[in-house]
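Structures are listed in the sections that come next.
Common to both upcoming complexes is chain A, partnered first by chain B, then by chain C.
Right, the complex of A and B next:
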């Protein structure tokens, strides 16, 4: 006859297996990539592994959307999703893929720069797995809310200390999975370093003139609503910030620190000829002072604790009852990209990039992101 | 290195399940089960 404690052990095991199965289904569902709908401006869809075959078949390989104009001109690379818990950069890149047109020059867009980071989210953050936008036709489009870092299932274990390969800089061990600490990358490095290397190869291979890395920061972080520029990109970035000010969009301009290594604006500017800049918008859903972290916070950007922090003068951005909606943050990124493209033409006529179809700051703030997204294709079509 | 870590996680999972099976106190069995779930998900490289 079976002993009593074995019977209870079997029952507990069964419950544990059921819990593991439910969790496994949820985690596995997070790995399905979002559907993006390339617009008429997209002339080619390639993979990052086209420039660095070492990424082929890995979770780090990702789509590169090319929008090439009829006339030659300058080239710009836009990186969204370097940190998949900073949704404005990802959504702004997706809108470029779906809406932008290029008359002159070439625009390269990587909406999910760290594709692995989209396959999970951070433990103990209570973040949602995704967020949705209603479209005018009544349908919805859902986007993944991921993690700041590469999935540990794809790159494990983390070292105690992360040493940036080309500089020897030491950082906390989990930064080994942070794409924006891995540039210029290594051909035979970790998955994250190989993704960074692939992006560097793309820039060198295509002779990219300007590289923009789209990010978000918490409202209590000093570098927010800001543009960080490599010293060679400073004249271009200055013109862009002035142009944005004339539109009523306040952006501060920060020089790329020379002793903070591995970041796109530092390493891509040093290792290649590209003019490297990084944009930061304000994301209340990633800050330490936030309250309940749900889809509403991600999309609407309203939080009572940030409201209180603003009243105490603890934030670096204005924050009122209206919050900082995702639509406003996406509009800020898109307006900055459009102004940067305009400024490229001011710097040199040969390097002009003529963009159209990019939703404006005011219209996207008023109409919302969904108004500029295409309906997802029916399954199987 | 990843294979070594998976092997360590698998060994830990086996010891945890063994402990669960031989433990007489159902509350400690529950504790062992809660430890086993994330280990199982990592050994299967799901999370």
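Right, the complex of A and C next:
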């Protein structure tokens, strides 16, 4: 006869297994990559492992979309999804892939720079697994909302303290999975360091003139609605900020700190010839002051607690009942990229990058992201 | 009342009902509170979220479980009795010198790992018998090693809450050594004397009953201490040469436990490991429950309600908000308090010396390890000194905690002057 405590233990195990099965199904579904629809401007789709074979077959390998113009000119690399919980960068990069055309020069786009980070959410952040946009034809496109860091299933365990390889700088252990603390990367390092190394190899191999890392920051963070530039990129960044101001898009310009290591704008600028800049837009869904965390917060950017914090003077950006919609943040990134490309031509005619088809700030704010996305291909097509 | 405030009350009510009316373990009460808020907020059972929340503590659980196995192995091998015997014979007649020494020894693992639990469960367990032989009651000895745990966690060179707070505003962990040393070492020495005052007395080794421990030492010699020394060496090497020795704490503790099986008195390793995991299970369960609780708070907006509430106080009361909310939020996790409240508070303290302010905030956040229901540092300290109810240890920690808060706030208030001094 089964003893009573054995029966209760069996019941608890059964409930735990059922919960594990439900959660496992959700976690597995999260790993399926989104389908992007390359537009007519895409001339080639390559993988990051083409520049660093050490990534081949690993969860760190990721698509590199190349949009090459008919005329030679300057080159720009756009990194989206360095932090997959900062959706404006990912969606802006996806729109470049689907809509942009290049007449002169070459545009390289990596929408999911940290592909592993897209396969999970940060524990205790209560984040949604994805968010959707309605398209004019009535269909929807869904994008993954991921984590700031590489999936621990792919890189584990974290050390207690992360020591940045080339500088020896100490950071808390979980930063060991943060791509934007891993540059310039290491050939034989962790998965995150190898992804950073792959991006560095791409820049060196293709002779990329300008590198843009797309990010978002919480409204209470001092560097928000901002461009951070390596000292060599300052003249180009200044022209870009001026051009944005003329369009009515406020953007602050921050120098890349020399004592904060591992970041793209510092290390790529130091280790390669590229002019490295980073954009930050304002994302309430990643902040510590936010209220209910769901897909609506990600897409609409409205939050009652940020409204209260704004009234208390605790924020670094204006925040009203309208919130900061994702469409507006994506528009800000795209307008900055277009202006940066324009400024490249002003700096040097040989290094010009002529872009077209990139949705403008006003039109994307008005019509929404869905208006500029292609319908997803039918399953099996 | 806002929806989030009602949800917060529901979570607290469900937790209280689970703990007191249904007499459930703390871990299950936290799960009950999480499920109640999930249902009330329209998230269904939120199974994926509940499981995901627990993942935040997987590494901590491994550290605690393996540290418990290591300590049990060291205890069974006879090393603790032997160390106590030797310490009392050498220094037992000079408690005023011995107490600060024991405090610094108890802090050491926390200083190099950033974990108060590692400190309490390793060096804390080593010094506890000596403290009790000096005359400290069990509860006071527990408070002694618990406070050593959090001071060790904050003291340089490794302070994870400060790294988390700095990381939130892109401030590198550079220049923290001197402020953290000034924050912690004077307190450590003062507390060692204060907790021993009126209780610690010179001990005659012959009358202290340390004979069996010394007999073990005579039989096995210094090799008895090799497991402890090996673990300390691996911790230090892990920091000095991480590429070669960065094994991580769980593997380090398991190596130490294996060494303890061979170093001294023979014992049944499997039975010792099972007993250690049995002792650790309630705490591991609490961590899982806390993970669910935080995930639910964040998902439903309760976290925002708490954080913005803390920041809503007038500037004059900002210090009071720091003193109250950070240790209270530490009830769910001191690292969580550093991240969720430490970063916004540091931003609210712009204009002061940021390194000193972040250092002081990390000290206040660390007090969360005394806050029930998790109270990791106090709970493990009670376990180490053999006190059944950890609330008895907590009582002894009330005044030291108050002193710690006032000391940290003074550092924030006078951060600019202190910078000049440094």
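Operating definition for what follows: the second predicted complex is superposed on the first by the 381 of 381 C-alpha atoms of A that agree within 3 Å, B and C clash if a C-alpha of one lies under 4 Å from a C-alpha of the other, contacts with A are read in each partner's own complex, and residues count from 1 in each chain.
What we mean here is this: contacts are C-beta pairs under 8 Å (C-beta built on N, C-alpha and C of every residue); 3 or more make two chains touch, one makes a residue touch a chain.
Model, not experiment: these values are computed from the prediction.
Q: Check the residue A:220 against both partner chains and state whether it touches chain B (first), chain C (second), both, or neither.
A: second
Q: Of the partners chain B and chain C, which touch A:15 in the superposed model: first, second, both, neither?
A: The answer is first: A:15 touches chain B but not chain C.
Q: Of the partners chain B and chain C, which touch A:173 in the superposed model: first, second, both, neither?
A: Second partner only.
Q: Let me test your reading of the model: by the given contact rule, A:288 touches which partner, first (chain B), second (chain C), both or neither?
A: The second partner, chain C, only.
Q: With the two complexes superposed on chain A, say which partner A:153 touches: chain B (first), chain C (second), both, or neither.
A: In the superposed model, A:153 contacts chain B only, not chain C.
Q: Is A:6 touching the first partner chain B, the second partner chain C, both, or neither of them?
A: It touches chain B, and chain C stays clear.
Q: Touching A:27, do we find chain B (first), chain C (second), both, or neither?
A: In the superposed model, A:27 contacts both chain B and chain C.
Q: Looking at chain A, which partner touches more of its residues: chain C or chain B?
A: Counting residues of chain A touched by each partner, the higher count goes to C.
Q: Is A:45 in contact with chain B, with chain C, with both, or with neither (first, second, both, neither)?
A: A:45: touches no partner chain.
Q: Go through chain A and flag every residue that touches chain B in one model and chain C in the other.
A: Dual-contact residues (chain A): 19-20, 23, 27, 157.
Q: Mind pulling up the chain C residues that touch chain A in the complex?
A: Its residues touching chain A are 2, 4, 41, 47-56, 59, 62, 113-115, 158, 160, 163-164, 167-174, 238-239, 242, 246, 248-250, 291, 294-301, 303-305, 307-308, 311-312, 336, 339-340, 343-344, 347-348, 350.
Q: What residues of chain A sit close enough to touch chain C in their complex?
A: 19-20, 22-23, 26-27, 121, 123-126, 152, 157-161, 163, 169-173, 175, 220-223, 257, 259-261, 288-294, 303-305, 308-309, 312, 314
Q: For the complex, give me every residue of chain A touching chain B.
A: 5-6, 8-9, 12-13, 15-16, 19-20, 23-24, 27-28, 120, 153, 156-157
Q: Inside the complex, what are the residues of chain B that reach chain A?
A: That would be residues 1-2, 5, 17, 20-21, 23-24, 26, 29-30, 32-34, 36-37, 40-42, 44-47 of chain B.
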